[in-house]
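Structure first, then comments.
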Amino acid sequence: MFGYYVSLALRSLRGTPVLSALMVAAIAVGVGASMTTLTLNYMMSQNALQHKDDRLYAVQLDSWAPEKAYQNDTQMPWELTYRDAQALLRSDIPSRQVAMHRWGATVSQENSELRPFTAQIRVTTRDFFALFDIPFIYGNTWHKSSDQNPTREVVLSKKTNEKLFNGENSVGRSINLNGEPFTVVGVIEHWNPTPKVYDLNNGAFKNSEEIYMPFGLHRQLQIYSWGNLNGWKSEDISNYEDLLNSHYVWVQYWVELDNEKKKHDYENFLAAYIETQKTKGYFPRPLKFGLTRPSEWLVVNEVLSDDNRILGWLSLAFLLVCVVNAVALLLAKFLRKAPEAGVRRALGASRKAIFSQHLIESGCIGLIGGVMGILLTLLGLSLIRTLQMGRLDQIASMDWVMMLAAIGLAILASLLAGIYPAWRISNTNPSVYLKTQ
Amino acid sequence: MLEIKPILSALWRNKIAALLIALQLALTLAIVSNASVIISDRKEKTARPTGIAVEDIITVNFQPVSQNYDMQTAVAADLDLIRPIPGVVEATHSNHFPLSGSGSASAYYNQPSQETGGEVANYYQVGAEFIQAMGMKLIAGRNFDPSDIQVADLTENRESSVVIVTKQFAEKLFPEGDALGKYIYGDRSSHPIEIIGIVERNLGGWVNWSKAGNAVFFPEMLIAEGNLFMRYLVRTEPGQRDSVFNQLEEKLSQRDPHRVIEMDTIENFLHKSYSRDNTMIKVLSVVIGLLTFIIALGIVGLTTFWINQRRKQIGVRRALGATRAAIGRYFLLENGMIASAGIALGMAAAQIANRMMVESYGQPQLPLPTMLSCALILLIVSLTAALVPALRAANISPATATRNV
Amino acid sequence: MLKMHNIRKSFRTDTIETHALRDFNLEVSEGEFVSVTGPSGSGKTTFLNIAGLLETPTGGQYLLDGQDVSGLNDRERSRLRNEKIGFIFQGFNLIPDLNLFDNIDVPLRYRGFNAKERKKRIEKSLEQVGLAARAKHLPAQLSGGQQQRVAIARALAGEPRFLLADEPTGNLDSLMARQVMELLEFINEWGTTIVMVTHDPDLARRAHRNIQIVDGQVSDLHQNALGNEAATA
């Protein structure tokens, strides 16, 4: 029977080509518009750390000014002071922990044709790679002591290694950063999460860093963060050591806690730390700290902007208009064919049969509209790529989840559009249409 | 109008179909009017004057390969090299580029006690020729003198004693309009800084900042030890920017190859800073256009269908003496009534949607004239869309009445 | 075959209630050819619609083939209609988009026959009405009489035991009407029970039995008169 309904549907669509085209166009445009924005929003909300979402936490401590919160009455600073970061690093509760920030330096090589360039660098403790699950191609992370002592070692990204060493095993070889020699200890696989969940306050859609270096080098190199540096208090800072001991927040902090008990222990540890610091005159605000999972971190950092949300809602409203449009057209079309349905009823078609027949017809419209909607979505996404919005270029693409969602949305939309007209026609009294006029 | 009653009863019999059209129009009005208010808001925002010669400025950012570097000498040599290039109007150094999305901000007060009268401003540490190099307009006071320039370190408190501020910031701190010659004080500092000049405007580093336009300029050269870099702003004659751009990097790296040079333009920064707003404008315009198109097509399709369904009836009416005009008018009137109902509903929906936009997403309020003009346009679109089939209906021959379909 | 006992049918609109049938009693036996006459608006079509399971009565009992149909759901009713009942209308009611072959195909599809069986039956029934050569034509390409013959072929294709005809000759000239009537009589001879509403007294008289509906009821007087007539004949 299904085949019969499909052939009837196709025949009926061919019978009213203009109207069918209108309905297909309405669904296609509606699906295209909403899938374009929803795809963008979906890609912007991806959590590259989903698989570790139950164990990773971004750490915040409320070390801000006594009179007002960092932002919006309640928000804690996103980053820690260097002092606090060093103190937290001493805890052995987390199985892994990372203190880090963004930096940059010139890269050059002795006896090389390579033009010096400025590389984006992540200054971090050694657990970075294990905590964020980044595999190594060559070598490994630096030794534990490098995070305390000034050891000039670096880990390269795959791309940087290709640029500097043609992708060869470069472990043990040397590069210059700001003119000073550093030894390569490892090369990681390509890793570029979008959004950049581990560092959201320097631009959520920036590329990940080209070079990684130990956290122990601050004093020796006088490293100033290339990320945000925020303070609330006037302190007499006359040298680099003063900055490290200041109230300025600029260090991002992540921990890996294996289970609820560890998490609980760590919370106690943080509370105790803040309490002892309070006695020394730090942490003037009420005791407050934050342990936030990656998925929530993306939300509280508002990676998906209000504009994105507006467009998301708007496109759904748009789709709704398209669906209502399709309902009206389908209703008109089906009612015009009501006499035929009456005859079919007289000849033994049940209400369900009539309903199915018409629902399949609307489903066909949905399928064609959906396929065209996907094409429109691809077109829309490529249009967005031409708008050149930096990193958005890379996320303006559909994965298979979104493809399926688009087809599903199209069919759902057209079934929704078709259900009322199909119900209406299957429920009209056939005898009304069998009378001669 | 005699026809209103029969139209109403005909509509009542087709109430679902009529309701669907009205609903479409209502939703469309809600979307279109809210989208237009966002568009005009963003257009206004992106059209704000920047106060600088956006199209003529090249930015240069360089980092010496090695940190053992005599920055002060290099800056002098570079600027001496850049200024004589044909087409260059002026060049200077600065710690940040306006409109680039990065910068520094701090609070300033109009008295040292700092209990009140404070305001946050975007601060710049710039060369003496900054105002000319940016193409800004000095509206009061004097420009910097090369002797004003102090050399500053990242950690050092600024000890500069003179400052040039934007008119907007001057009026915030000194609402009486007598800012020139007054002193301002840095955050928790009692060091007085004299306002020696006021410029018409400068939007500063962050176009999306609620206080964009609060900017102060100190005559300082920032040399951050351990983090050596320098930035130049080069203004060219109009139209000469790209040709100067091409020579600049080569000349600079020829003079001193041991550094990494990155160049860009202020125009490009502005474009990037507004990319979100421009995207909103484009996407929303497309949405408005598409929606109007779809709704027009839908009305054409539906009216045509209704008319086809009533062909015989129309023929009978014609046979009974109805004129063409009467038939055309009937369908236009019918459409007009549905559209008016839809639009009335849409105005309410638009207001509700706008309230949510205002509350949840900080969007601007929907002014009545905008909504009414959207409603009017939609009504005209709807009537125009109905006109095509209505004219066809008017042309149905009275003979249809006697013909068997 | 068909037994109606105290059938009532009323239509409710906003303002008035119309009693189309009331205390309607009728019995039709297997193989009978019954004609139904009566003034316009008396309830003839309503009776046929109820008999054909297109409408449900407001009250009373209806036995089709000895089965009480009042408790059946839409699906079962549709199945009965499809298997046991054929319809012929005054307006032919062919589906204009489908050619003759596909028109006749419609009830067979709902019956669930396979393609071979359907083809066999369609060809056979088109042959019966003498239109085998026109299988690929659209209804609009036929004359009124031919269209009605197609409608009959469609009604017969499923080999129903019960044929309901509502003024099948109403739109035809007398020659065509006679041809259609002959076709119906032929079908009846092969065993199909027929109930036919008509305004034509000549045609009504050719049936085995004539019943008259007046004001939603079978008029006793008339039935007796005709019955006597039949007895004396």
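Read from first to last, the chains carry the letters A, B and C; within each, the first residue is number 1.
Just so we're on the same page, a residue touches a chain if its C-beta (ideal position, glycine included) is under 8 Å from a C-beta of that chain, and two chains touch if they have at least 3 such contacts.
Bear in mind that the values here come from a model prediction, so they are computed numbers and not experimental data.
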item: Mutual neighbours - chains that touch chain A and chain C alike; value: none
item: Chain whose Cα centroid lies nearest the overall Cα centroid; value: A
item: Interface ranked first by C-beta contact pairs; value: A-B
item: Chain A and chain C, separation of their C-alpha mean positions in angstrom; value: 67
item: Intercentroid distance (Cα basis), chain B paired with chain A, Å; value: 26
item: Cα-centroid distance, chain B relative to chain C, in whole angstrom; value: 73
item: Numbers and ranges of chain C residues touching at least 2 other chains; value: none
item: Of chain A, residues touching chain C in the complex; value: 1, 4, 11-12, 15, 339-340, 342-353, 429-431, 434-437
item: Of all residues in chain C, those that touch chain A in their complex; value: 45, 49, 52, 54-55, 74-75, 77-79, 81-83, 85, 87, 89-91, 93-97, 106-107, 109-112, 154, 158, 166, 170-171
item: Chain A partner contacts - residues on chain B that touch it in the complex; value: 16-17, 20-21, 23-24, 27-28, 30-31, 34-35, 38, 63-68, 154-157, 187-189, 224-228, 258-260, 262, 272, 275-276, 278-280, 282-284, 287, 290-291, 294-295, 297-298, 301-302, 305-306, 308-309, 357, 360-363
item: Parts of chain A lying in touch with chain B, wherever the complex brings them together; value: 18-19, 22, 25-26, 29-30, 33, 37, 104-106, 108, 116-118, 176, 178-180, 221-224, 233-234, 237-240, 242-243, 305-307, 309-311, 314-315, 317-318, 320-322, 324-325, 327-329, 331-333, 335-336, 384, 387-390, 424
